[in-house]
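Next come the structures, one after another.
One chain, subunit A, appears in both complexes that follow, with subunit B as partner in the first and subunit C in the second.
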Partner chain A sequence: MKFPTESPFAWRRGLRHFYDRPSPARRGVWIAILALALACVFSTGCGPRETRADLVIINGMEPESLDPAILTGVADMRVGNALFEGLTRLDPRTADPVPGLAYRWEITPDGRTYTFHLRSNLVWSTGEPLRAEDVVYSWLRALDPNTASSYASQLFYLKNAEDYNSGKLKDPDQVGVHAPDPLTVRVELNSPTAFFLDLCAFSTLAVVPRQAIERYGDRWLMVQPVPVSGAYELRGWRLGDKIRLHKNSRYWDAANTHCEWVDFLPVSSPTTALNLYETGAADVVWDKDLVPIELMEELLKRHDFHTFPYLGLYFFRFNVTRAPFTDPRVRQALALAIDKARITRKITKGGELPADNFTPPGTARYHAPPGLGYDPERARRLLAEAGFPGGRGFPAFQYIFNAGAGGPASVHAKIAIEMRQMWHDELGIEMELKQLEWSVYLAAQNKLDFDLCRSSWIGDYNDADTFLNMWMSNSGNNRTGWKNARYDELMREADLQTDLARREQLFQAAETILAHDEIPAVPLYFYVGFEYHDETVLQGLYPNILDMHPINAIYKERSASLSKPRSSP
Partner chain B sequence: MLTRFLTRLGWSVVTMFGTSLLVFILLNAVPGDVARIVAGPKASPAVLKQVRARYHLDEPWWRRLGYYYAGLAHGDVGHSFVTDQPVAQAILTRLPTTAALATVAVVMWMAVAVPLGVSTARYRGSIFDRGTLVVATLTLSLPAFWLARMLQYWLAYKLRWFPVAGFRSFVDLLLPAATLAILAIGYYARLIHANMVEVLQSPYVTAARAKGVSEMGVLFRHGLRNALIPVVTILGMDVAGLLGGVIFTENVFALPGIGTLAVQSVFNLDVPVIMGTVLFSALIVVGANLVVDVLYQWIDPRIKERV
Partner chain C sequence: MTDDLRSPNQRAWQRFRAHRPAMVGTWFLAVLVVAVLAWPVILRLVSHAGAGGRDFAALHDPDALSEAQFTPPGGAHWFGTDVHGRDLFSRVLYGAQISLLVGAVGAVVSLVIGVLWGAVAGYLGGWWDGWMMRVVDILYSLPSIIFVIVLITILEDKLKFVLAQMGATGMEKLARLLFLFVGLGAVSWLTMARIVRGQVLSLRNRAFVEASRALGAGHAHILARHILPNVLGVVIVYLTLTVPAIILYESFLSYLGLGIQPPMASWGSLIAEGAGQINSLKIYWWLLAFPGALLVTTLLALNFVGDGLRDAWDVRADK
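Showing the complex of A and B:
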């Protein structure tokens, strides 16, 4: 009898006997292959299970770099500051500059020369002595054009620093930082800089290991052990997984460094961050972009959710080179017609303060002058004076903002829609909204290819200068096309002051031009910082205006359980 | 067979070259200033100039393409503009996570889809079969990010049956793999069902039954082995797709996989990493095609006979 052999398996060589059972040997081979595959699968992640760190922090997005001369993001700085310290460091409560690698300093009466005295017991984590030459090397490296440091401008207050960075000056010895002896750093500034000690605590001015950089070049952070000058050493950086730090026992203040092991988790999803915190897998969530805005009203009721004033401003820019925004009356009218309180109440909901000027409350050494406020009636009068009574004849214009799939970027669209409605209702003008992908948005902003453009600014240091000098005519961060000689003159004069009261007056006069008279940009609200942490468990973590928290100051109460879930479902 | 294999290999190389060229050209056509993204929004014009010089962004695109291919010829896939990490290292450190996730997901969905497909074919037309069809349609319609969040919320946060996020051990992969598996089970179950229905009507299956082979033997030894042949092709492509990274699942469960790397590189316009992840995905797809092709001929030698 001939059996049908259409089945493909009948055609296999050696398997003409289609209906025979597979041989035990063949069956064994397949079982072995399956067992090996399953063993590979089940063994993924096996190995000695890492113990949980003493402190686990959800820090926001993955840092792009931990090199102090290169890093730019706040998340990067929080880790970078734990590894590398500067001449000063930040007080955990007030974020004021306090002695760091330098234990004392002198300032000449004209405010232009600083002499820092380093502690005599400074060593790198790998044991080599840390000396004044390392400070000079670190600052010159940040200024070196080949480093392409985004924040090199933080050092432009030094004599000849800007020329060195731009390549006009080739000799680094002419830059105003020198080491007359191994424990002394002398700094010469272009002008008295009231916030210079704050700058010394900034990441770009942190001290980096010359020995490792000269040996390994750009890969110096990838070669273990990395010599560090800060409270913690880098023990591991698994991209997308975590950054693990270990206490640097050679740090000058190691006795006051509490947590032995610290993990930073890069999490970009607000709900994942909240779930990790709630289940006890993380002790702190301290990136304000990791707060789900939809849950804000509920979160504000919790005892472990903290909000605090933050040195940041949300605003939009006019392109003052394009009509009708060339007319200050038009700009003032649009500003006066925005109900900022409604935006913070309806959209952001986190307790943000409506802003009528550019410097946040709590900025050191400064009280901002009053701005324009909210006055729709006056707005309509100004618009009419400018030739657009009731909005008639006002040309169509666009407001650009960056796109984002949920998260913090979703608020930009809501604010844009709200402003559009306000201007329609109060002034009778129509605005088009244009959402752009991030890189396109940045390019448009830099090329002045917009009418109105959403923006924000986070202060680099606690001084009004960081919010005001960006509006000078030659500032690359201006991006409005606005130039005002009187404003520039006031800012330059303020720069030369050693009398802080006089300096404040000059800043106030400048800000009045900016926020009241000319208004090339409209401030909307001041950011607040957000954090989740249980104060009964975690100590040494204080809300401050810079939202920067020295890790070495944080510790847990002894009775606190390491990974107890925080809420019962 | 060797000639055919070598021919396919040659075409694969051409495909990879074409993919890299197309992607490079498209990336350069995208509006946006890479230097500004790398340097940050606060960088001065001088810094931007330095960044452009450092990464050859001030040179014509065809010259940059030349640098890229010259590097490829030396086995250098480039360094990230943003992190300065070697692209090859960035991908290879993430590959184990993605591979492990893909493996667990495939095992899960095949372990459910195969018996489901076989039994619905056996009991074709029954309430069980119709119910499975409804469930399969439902699972095909679920958005991946919604399902991932629901599973995380209910099974990890509320019931605490699984870890919330991260990747420390095999257990951390179960929930993300279940997300992927649920999305695929319905499709594969119906695919196997359709193939089984056709195969079970074949004369050799009738002959097997007539010879007295048990029903289990008929279904699994004679029916399923032949019904799985077309499934292998599709499975190969799906596995290749998984190895290219699953973005939403990795994002929700904070898995350090290739999907997250790819998305982040696009946001940052990090050209070397984008090129690297695209080339890697193309390599996987092309490789999977090759493997499936070879496997197909081994499973069904009639294909070779017909050729």
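Showing the complex of A and C:
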């Protein structure tokens, strides 16, 4: 090919030699330039390169918030607990409360006054001393009506806390938490609360940095560095990508924090989670929803797949403010027509127990009363009594659930399809399914903008109270519009009991209203905990009934990581 | 000039029949459409024909739950079963109903809007032409699939509300389907409008149009009798290529969970369910293979038919 010598494009002359007389040397130069350009393109495409963290955990849903007072999800809590610690923390093996920021405490014989003594060497990760006033501030902040914490009820055991939260009481000094000196926290309770030390390890009661919150308001978690009280500092949070934590070297127990860098990956597709784990891109998968149920039979045979009993309930909520779900007979009919045993046998398949009531077996100091059971015949009768014989005239209604990346393949969709078909066959009613993105789903649930809504509840501490108090009228976690004065009264009375047998009876009476008579939500099954991690590589992760695993206790057997194959028969 | 006495349409048909892939595609589509339409009827008829028939119908009910979970393809379930024990063969055929319907209706919507818009722009010319084509350009620059997603998310609840006000209670679950029809049709008419406009632009100055105008024919008459019949060939060819594009769009939306809602199925949602099974341990291959194969084959057949029609109507090949 020849170019005209008088080309107006001077740069082409350079090309001309290239086309006219292809010389290997020149071609080499061109290829080198091209390669360099490509290299530039690719390196800018990747952004700043990040090394793999020492520990990569697949954590389930993207956390909604990491603010201990705001967060409600289990995935949020797992990260939140690493960042902010309470007066107690959980033992990695048993999930029992052990000394945290407080190294010892005294309880008065009537069980109503706790005196906590803080460690004298406590500092925030940014260097300021951490004092008893910070504890008082954190608890009052969670109770403050302006914080709008869904979990404020975790603090209602404190004297006057409920009135302060509802706005009836303005003076924070009257709430039962005080700091008589910088290293002492005195707590006054309404009643002897058997699980109060468990509560002190719970996120809502964790100690948060006043200095950052007062300065930056709602955005305090976005301003680096965030002062933290826990074992890890927040080093980055990219939505949909990862949350990166780094060891807090000023933590009181930093000597026993093993992993330097920890990444939490928000992955909601079970198959993606498994593939990441199998290819070594993640060390732990620890969410109950992250197990591909189609593979359950295969997984149960593996040595790195762990199952354990777990205080968790899968259920769905009715919106009792919307007709026809205002009628308890309709709610009972829908509950009675679900073959829960089929769902656990065919869909979840991990050995879950069909749930007839709200408190899982294995809950301490409690035996649940019988619920409604499975009785399609009675369901049809109840529906007819409510004015919809054979489902005629029953309005179309929607069931909302959160869908992960698996889309229609997610377990929530599968359960929804099963229930829809059961109601269609047994009761002749039509349900529409609607999958929503996680935050849209949470918003719809909070605004009571749904007919039926998939939910789950994980016990916050090992007591029946955690599964029952959320249904009280004033609880932020009720989210059904259901209010029952008798139920509230029974729950309050149970709280005041020191006699455990009497307390159990009161709880049972309350749960009968909940699971048998009124049924504002329908329990489907009790979870089994699942996680993958290879015990020959990763240690310090123990199955426990709360499925809580303090991250600072986890460590890697470096020598074993290369020699051992991932899966063996 | 040849001494061929057949009409142009007859010759086009002749050429189409000689186009092997197009004929195979046509037969495949015909069989598919017949199967899709006949299968529900067969199931209903069979269910009234004794106990054996009832069992057969129950076995192949696309929604009925059963104990036979993840059965591989075999005598009872030709395409196997899914996690709920539902017959995949039936689900694929019922899914084909939705996919083909969305493709066909979407293509018709795009046909109507595109041909009218393009013909009017090309025929009027001048300022009108410039203005109408700039609108097309602007719409072209919008990412169409995102446009449909936004349309669905914003307007769906409002449409449902309107439907409920009108007393059409059973219609709510069709709202999504309606949006797929309108939304996908509404973003697919742009190329059609451009093609038609170009054709009309060259036709409107041809001698027979001038003659008609000289004889006093109105604009509507000229458009309807002279111009549109002459762009028909191009339009039909492009239409056969729009149908697979819309089917693919729908599958894509359903794959993202924005299309058809369960338990209704389309090929896209079936493939999404199947794709959830890809992992390193155990693959239920039939969940992905059958809907995927059928989708690919159908798209291929439609493209072959479009190709054959283009060749058949190509005037230059007429010599």
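Here is the rule we go by: the second predicted complex is superposed on the first by the 318 of 569 C-alpha atoms of A that agree within 3 Å, B and C clash if a C-alpha of one lies under 4 Å from a C-alpha of the other, contacts with A are read in each partner's own complex, and residues count from 1 in each chain.
In this section, a residue touches a chain if its C-beta (ideal position, glycine included) is under 8 Å from a C-beta of that chain, and two chains touch if they have at least 3 such contacts.
Owing to the predicted nature of the structure, the values given are computational and were not obtained by experimental measurement.
*Asks:* For A:A510, is the partner it touches subunit B (first), subunit C (second), both, or none of the two (neither)?
*Replies:* neither
*Asks:* Name the contact category of A:A53: first (subunit B only), second (subunit C only), both, or neither.
*Replies:* Neither subunit B nor subunit C is touched by A:A53.
*Asks:* Identify the partner contact of A:A413: answer first if only subunit B is touched, second if only subunit C is, both if each is, neither if none is.
*Replies:* second
*Asks:* Using the superposition on chain A described above, determine whether A:L199 touches subunit B (first), subunit C (second), both, or neither.
*Replies:* In the superposition, A:L199 contacts neither subunit B nor subunit C.
*Asks:* Of the partners subunit B and subunit C, which touch A:E278 in the superposed model: first, second, both, neither?
*Replies:* After superposing on A, A:E278 lies in contact with both subunit B and subunit C.
*Asks:* What is the contact status of A:L140 with respect to subunit B (first) and subunit C (second): first, second, both, or neither?
*Replies:* It touches nothing on subunit B or subunit C.
*Asks:* Regarding the shared-chain residue A:S153, is it in contact with subunit B (first), subunit C (second), both, or neither?
*Replies:* A:S153 sits against subunit B, while subunit C stays out of touch.
*Asks:* Would you check which partner chain A:L265 touches, where first means subunit B only, second means subunit C only, and both and neither mean what they say?
*Replies:* In the superposed model, A:L265 contacts subunit B only, not subunit C.
*Asks:* For the three-chain arrangement built by superposition, which of subunit B and subunit C touches the greater number of subunit A residues?
*Replies:* Greater contact footprint in residues on subunit A: B.
*Asks:* Need the overlap of the two footprints on subunit A, from subunit B and from subunit C, as residue ranges.
*Replies:* Common interface on subunit A, subunit B vs subunit C: 269, 271, 275, 278.
*Asks:* Where on subunit A is subunit B touching in the complex?
*Replies:* The contact residues of subunit A facing subunit B are 3-13, 18-19, 37-38, 40-46, 49-50, 62, 64-65, 72-73, 145-146, 148-153, 165-166, 218-219, 222, 238-242, 265-269, 271-272, 275-276, 278-279, 281, 437-440, 442-443, 446, 460, 476-477, 565, 569.
*Asks:* Name, in rising order, each residue of subunit A that touches subunit C in their complex.
*Replies:* Touching subunit C from subunit A are residues 269, 271, 274-275, 278, 292-295, 298-299, 342, 346-347, 395-396, 403, 406-409, 413-414, 416-418, 420-422, 424-425, 430, 432-435.
*Asks:* In the complex of these two chains, what residues of subunit B are touching subunit A?
*Replies:* The contact residues of subunit B facing subunit A are 30-34, 36-37, 39-47, 50-51, 54, 82-85, 90, 93-94, 96-97, 100, 103-104, 107, 149, 152-153, 156-160, 163-170, 172-173, 202-204, 207-208, 211, 213, 222, 225-226, 229, 251-257, 260-261, 264, 267, 269, 299-302, 305.
*Asks:* Touching subunit A in the complex: which residues of subunit C?
*Replies:* Of all residues in subunit C, those touching subunit A are 63-65, 67, 69-70, 83-85, 169-170, 172-173, 254-257, 261-263, 269, 272-273, 275-282, 284.
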